[in-house]
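Please go over the structures that come below.
In what comes next, subunit A is part of two complexes: it sits with subunit B in the first one and with subunit C in the second one.
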Partner chain A sequence: MSSNPSAGPQAPAAPPSTVSCTIDGKPYTFPRGTLIVDAVRQVGRPIPYYCYHPRLEPVGACRVCMVQVEGPPVATRGPIVTTGCTTPVFEGLKIETMSDPAKLARQQVLEFLLINHPLDCPVCDKGGECDLQDFTLAYGPGKSQFAEQKILRHKAEDLGPFLVLDQERCILCQRCVRYENEVLHEQNLVLKERGDRTVIDTGAGEPYAGYFSGNNTELCPVGALTSHTYRFKARPWDVRPVPSVCQGCSLGCNLTVNLRGPKIVRLLWRENQAVDAGWLCDRGRYGFGHTLAEQRLATPLVRRDGELRAATWEEALSAAAAGLTAGPAAVLGGGRLTDEESLALSQLARLGLRTNDVDWRVGYQGFAAPAAIGLSEAAITDLDRSDLVLLLDTSPLEEAPVLDIRLRRTARRATVIDLGPVRNLRHAASRRVACAPDELARRVAELAPEFAAAQSPLVIWNGRGGPALAEAVAALGAPLLVVGEFANARGAEAAGLAPDLLPGYHAVGAGAEVAAVWGAELPREPGRDAAGILNAAASGDLQALYVVGANPLRSFPDGELADRALDAVPFLVVQDLFLTETAQRADVVLPALGALEKAGHTSNLVGQSQPVARAVAGPAGALADGMILRRLAAALNVTLADQAPPEAETPARVRLPEAGGERPGGGSGEELGLLLRPRLFAGGGTAAFDPNLEPVHVAGEVRLNPEGTDRLGLQEGAAVHLHGAGTTVRGTVRLDAGVLPGWVVLAAHDFGGNRLGPRVRVTAVPAAAGVAAR
Partner chain B sequence: MPLDLETARAAVARYPSPRSALLTLLWQAQEADGWVTPQTVETVAELLGLTASDVESVLSFYSMYRRTPPATRRLQVCRSLACAMKGAEEILEHVRAETGVGPGETAPDGSFSVEVVECLAACDHAPSCLWNERMEGPLDKQGALARLRGQGGDPA
Partner chain C sequence: MGALSQVRSLGRGLATTFGYLFRPRVTVDYPERERPVPERFRGLHILDRHDGGLEKCVGCELCQAACPAHCITVEAAENPPDAAVSPGERYAWRYEIDLLRCIFCGMCEEACPTGAIQLTPRHDFVAFRREDFLVDKRWLTVPDPAVVAPEAEPVRPPAGAGGKMAG
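Up next, the complex of A and B:
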């Protein structure tokens, strides 16, 4: 520092923000602090690297990124070789990537990296896209001097649901270890032993437990960490890449579908900093198995003589059209459609069925866009700079997993208040405020002073809890991120699949602009919401129900009401990928294509409409929802508009359903309050039917605080019965200190949890009854 | 009795960052139990705010932590350069041939165990070893075998 010849006698000026240097003889300028590896990459010169990764902190572990440098800081020593990934560029530095000393250094490193390597490239999944192959070919010595016995290690080690580890191929670059540590804060993979015996492994050899294991397979530069689902399936030159967007949840991470012939062989990340920061969760990455699942519906079904029987599309559609127009009809669902399809369904309901009895909210979520309750919208990237985050009875980990990764980073620097009956932020520090659901609004109100003092506060909420809670949130005045219950909840709401909304957030009754585009008068009275529709059906006020991509028997919080409604309604049409519990009750079943099988747009949780591609064809007998709607509309004499109606200048507010009846247990302590909370791999959607996700599927999970469970004889893993509202369901105990004592948590959308009413008794299943049906 | 929580907390308080107390705590637990039990891993992780995997990773790096209950007589043979060249491998082979117990193994009756370790910084006594955690060397085949069989004086 002191020897800088240009420094004058005055007070030292702030160093300039850029530095000039040369790379292979050509001059360049870079922002101060740029690493040599980044500089060299930017100007398109070659530099090999293993441990370096743009999304991880530099560590300098593999030593393969050697370059020759010469310049002011090293002037007295002449040129030296050094690691480009740990050295920043300096003013006046001369960088040589291809000088003899640099080449020799890389060659020697590569030779060392291979001494214990099994050289089994022909049977390695990474072959053809492996940096060890590629760099050895480009920079390696071509020959090994190592004649001794190689150290043998574990091959094809099963690391749990999705990963396979080959320890012999590992070059110990530690990308996986650092990702687990820096990005996830989970440490599912660690280094064990030392010296030439060092290996990667899970802590105590247990299966990998987190939700983000698959990212390791893309980070690993060699064939050490690979996926079960892709094992021996293809070579990179066999596959055709199709860019698309994940619809596993409402976040909408960007991904690339890889096809070999007509089949999906894998999904890869496609970095979009503003949405996914480059990551995918395992549900998104591996949840493509449903595209080929055996139980996929491949032909329309029509009920004849009490039985669902295969029918032609003409028969099914004319039966549906006749049944839906025989009397008052209502529409439920739409949260899993594309934006275009939601609009079509909205128009079909208003013009074909002449009703506003339409609602996408067949679960717990009350609204999708902050504007729908008069609040401003946060951007996903606001998490990177906010200083105060309220996590309001919402679990990004279970509901939009990749968002949780970003939140973990936020929590390192900012205050995160984890408010609600269940602990939701599990891999970073937070201020946990445990409270029962009926105290939420009061607890939120108490945070007002803190929110007023914060620089850029933010609320994350999944929209469950009703108008009182929404009011309390609004009073905080902070922008809101709404995590959706269904992948395209946002698009459904924007399309007006709600009883009081039209497309573009025009209010029902004030839809002149919508009517102009659709070219017809609209029904003017607001309709009934999902609960209202189900009540009407149950009491015989509805003639027909059209359920699109929804399974209210599992998802609707009052499952008993859904059950009565579906029993009572004279005519039921269900459009879905699988014969769900709801579809089994239908009079007409219309087989639909899945998210990766049709093109269109999907809106993510901040309302960003992203294009999705048709990557695979899907079952031959199924049609895209949009096509089904078009044909059904034609049968109803409605022509669907191609154009979307314009947005309302001031978005109309949506009327929120009252909060479902979550109430604390009885005073005796024997009765517990029941909570239904989302779990990533439980219940609804395609996850239930996806063979790839089978090993992680959650069913019958009963989460209890360990406190007081001894008295009831309920240990971890115990089989139990839950009794409530005259119903009994069976489950398995998971002790979880993050659950508020006095409550029991079941997975939303899982087995009959929504049939139990607000209070349950939990009893151990007597050993002899262990095989009884649930 | 497992790790004394009070002593453990005192150790944690000596360092600016809790993780720095990891080795100390593991050692305290081993002194108390004779080995590092799975329960210790959980307890220490919780005390220091670490994951169990992190503790496992550190544990596996150091050969002086035992992951199984200790045998009565414990031989740890250095296999690093100087000792390797002075015949460490041959001693280990001899022991295996005579007793059936190889490196990393314990006699079925629990009377002795054999391990290999990295350089003990006693290269001038190569082949060097630790007898019940006490430095000795140079080691020879007959001596090793006799001691493992409990002849020629049990170690302290």
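Up next, the complex of A and C:
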């Protein structure tokens, strides 16, 4: 509260970092530069605003946050009324939020805003949580002098797979336009036309193409931008909020589930600056449709006479227990379980099946925690500080989208090196270093001097590439962010769902502390990794395989091996939400509950364990994975420990699978090298069975560099066949200059791509055959 | 004395009884005849239609929100562009009232922005099963003069209720 008016004539000293002012007669002190609207909010006084948003830059477009100010900078003119969102607090400023001039100014602004705004609140999805409704009631004029016809515009403009725009309701606050500009650095939504004809639209009129459209519906202060999935589903007073955490990817964005009765009607962001910075991606926001999908498994299935038939849980569990103990058994999967369930599965494998043949790595990712390869851990917020970021053949946009939003902010300020065969950072300035996958380790080593000179460097990697690349990354000495392939890869690794790891990163064979908690001797020999398990199954060394929440036929890089293994293994138990390709081959299928249907904890990509609430019940016949494991353990005479074993003092290293399933060498001539790279909306689980995601589901996408495609006669959208390893799959061409010439990129987890071998031949589908094939 | 007194009181009582024979009747032959109800009597609900046959209800759920007895359930959906049920974008594909729970306070009528839900003077409703007092749109909506026989199929959510728009 100390003001400093005694600054001498020769004292150009830095101004004090705080300023004192009064709000509605009470004195307060704020950091210099605080906006009046922030100051008023902080002291708990009400102030209306539309264009202002705490996560966006101020613009002063809506003019409704009018306050009366009086003080040194405006002293000559007496009190004036100004916008609070564009005026910072000054020393000695007197702010009045409820004076008559301020009230009148707000009233007039609201009257103007309502001139062309339709009064269709009863049918508007925003009605009940609308700022225009609330502020008009609190500060509005009560009635309008405007008796003329309102301007009529499009009521339900379809802006893309998720967004609906009501042009009449838009008050042109530009929150969406500024979000696209400032946060996403995209221009998916822009202002078109001028004056009273101004409307919001997508850039070129095509459907909204980005991954973050849903945030616009929450930013929009009125009912102009709404979503297809929530359209007319509920009113705000119907819904019951349940805080939870998204398990669509490894980032673990916080969200609020909104339920109407027993059904999820929408998911909303729940700001956690350290994780999601308040945003959600469209996969996370709209990927809840699978909870009610018709294809959800609702009863256990047991194979009888060659066919999967419905069975009771007792029958299914006793059949599973008998089959899993008939001979050597192995466990695959676990990257989608909660932390608690991963621990239970780890214990079940070690004590119930007496094996270390257990591996969560049924895809390309080789490890989950930097400590598992002896590196230090970066925090997500380190991205806000670092000056040099290496993006190592990893696409945050496809693998952890909301992390990409943060990375775009970083890329404006710092150097981001986008290294790998596919361009991954598309919307921000970055240094692109294109190289084939087998050159990655060499290229990483070349960056060592630059990393040594950097103040706070950081590496983002998804753990694909094998021990040689891991060594090269370790040599950089920078902290690492490991983007997980599966939502809780980190929790699975920490629970010891790996052949050479026990819970808490104790090495297999040195797990006395684990054995003490579990109260039993543990198998001491390290087991086989996923490839080893599948090889053993294919060659008949395994009697049984227990696949938990995984679909190796789609996700394992060598799909042909997975195919042979699942065919050869005498007994297969699959635990999943849907009858996936893998589950179709099972002898026992155990229906599990999904991510929003069970309680527990999930670890995000930096190992932060976040609580997950049970928001919906799920199918009546399905059980939570943890409950299935508990009952299966009982059938195997194992008592699962309630307590987690202690962490190892020095975490044991993980043996990385050789090359992590990556195939060396590119292509030449007709032959192209094949890359499997993650795509956000691809996959065979919830992405394939979710009606909400149907318009954006990626299947059969063939990404090629435009260079040389003319010669092959391939255009954008052309139907092609890919031939490799004696298999042919069909796809659709998408030309992408970000792909290294000589390579073709298919979506990882898209069925068929992993069976083509390292090299493929691409041929156009003859027009006549186009209909007949598939 | 005692006997006489008893006969006298009997006579007085019967005089009251037989006296009613010569007074105007207060009962009516219900249900052949009904007593008129007050002008603002609140009885059974109807869902009204516009003159063209479109339903007045737009599925805004304000009646549901206003109902102190929580007896109304409304679920809305997008009007099919080629066969609109109500004017505008939104209609109620589900509208149910639990008449046993309703207290006939008229708050729904008061809250309705389109005058769709109205309480009529009708008060005769009987049924043999409790479920029959759970009335839906087919029961509530006044007949469309353009439609000869109201459709008999049960009320079901439209394909993708409230979901994607057609086209």
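Basically, the second predicted complex is superposed on the first by the 756 of 774 C-alpha atoms of A that agree within 3 Å, B and C clash if a C-alpha of one lies under 4 Å from a C-alpha of the other, contacts with A are read in each partner's own complex, and residues count from 1 in each chain.
Note that in this section contacts are C-beta pairs under 8 Å (C-beta built on N, C-alpha and C of every residue); 3 or more make two chains touch, one makes a residue touch a chain.
No experiment lies behind these values; they were computed from the predicted model shown.
*Asks:* Will subunit C clash with subunit B on subunit A after the two structures are superposed, or do they fit?
*Replies:* Aligned on subunit A, subunit B and subunit C fit with no clash.
*Asks:* For A:193, using the defined touch cut-off, is the partner it touches subunit B, subunit C, both, or neither? Pick first, second, both or neither.
*Replies:* First partner only.
*Asks:* Put simply, what angle do subunit B and subunit C open at subunit A, by C-alpha centres, to the nearest 10°?
*Replies:* So the angle at the centre of subunit A is 80 degrees.
*Asks:* In the superposed arrangement, does A:204 touch subunit B (first), subunit C (second), both or neither?
*Replies:* first
*Asks:* Pick one for A:229: touches subunit B only (first), subunit C only (second), both, or neither.
*Replies:* second
*Asks:* When the two structures are overlaid on chain A, which partner does A:737 contact: first (subunit B), second (subunit C), both, or neither?
*Replies:* neither
*Asks:* Could you say whether A:122 touches subunit B, subunit C, both of them, or neither, answering first, second, both or neither?
*Replies:* In the superposed model, A:122 contacts subunit C only, not subunit B.
*Asks:* Which of the two partners, first being subunit B and second being subunit C, lies in contact with A:158: first, second, both, or neither?
*Replies:* second
*Asks:* Between subunit C and subunit B, which one touches more residues of subunit A when both complexes sit on the common chain A?
*Replies:* When the residues of subunit A touched by each partner are counted, C comes out ahead.
*Asks:* Once the two complexes are aligned on their shared chain, state how close subunit B comes to subunit C by Cα atoms, in whole Å.
*Replies:* For subunit B and subunit C in the superposition, the minimum C-alpha gap reads 24 Å.
*Asks:* Which residues of subunit A touch subunit B in their complex?
*Replies:* Touch list, subunit A to subunit B: 186-195, 202-204.
*Asks:* Subunit A touches which residues of subunit C in the complex?
*Replies:* Touch list, subunit C to subunit A: 58-62, 64-65, 76-78, 88-90, 113-114, 160-165, 167.
*Asks:* Okay, in this complex, where on subunit B does subunit A touch?
*Replies:* On the subunit B side, the touching residues are 38, 41, 51-57, 60-61, 118.
*Asks:* So in the complex, which bits of subunit A are touching subunit C?
*Replies:* Contacts found on subunit A: 120, 122-123, 127, 155-156, 158, 164, 228-233, 235, 237-238, 691, 695.
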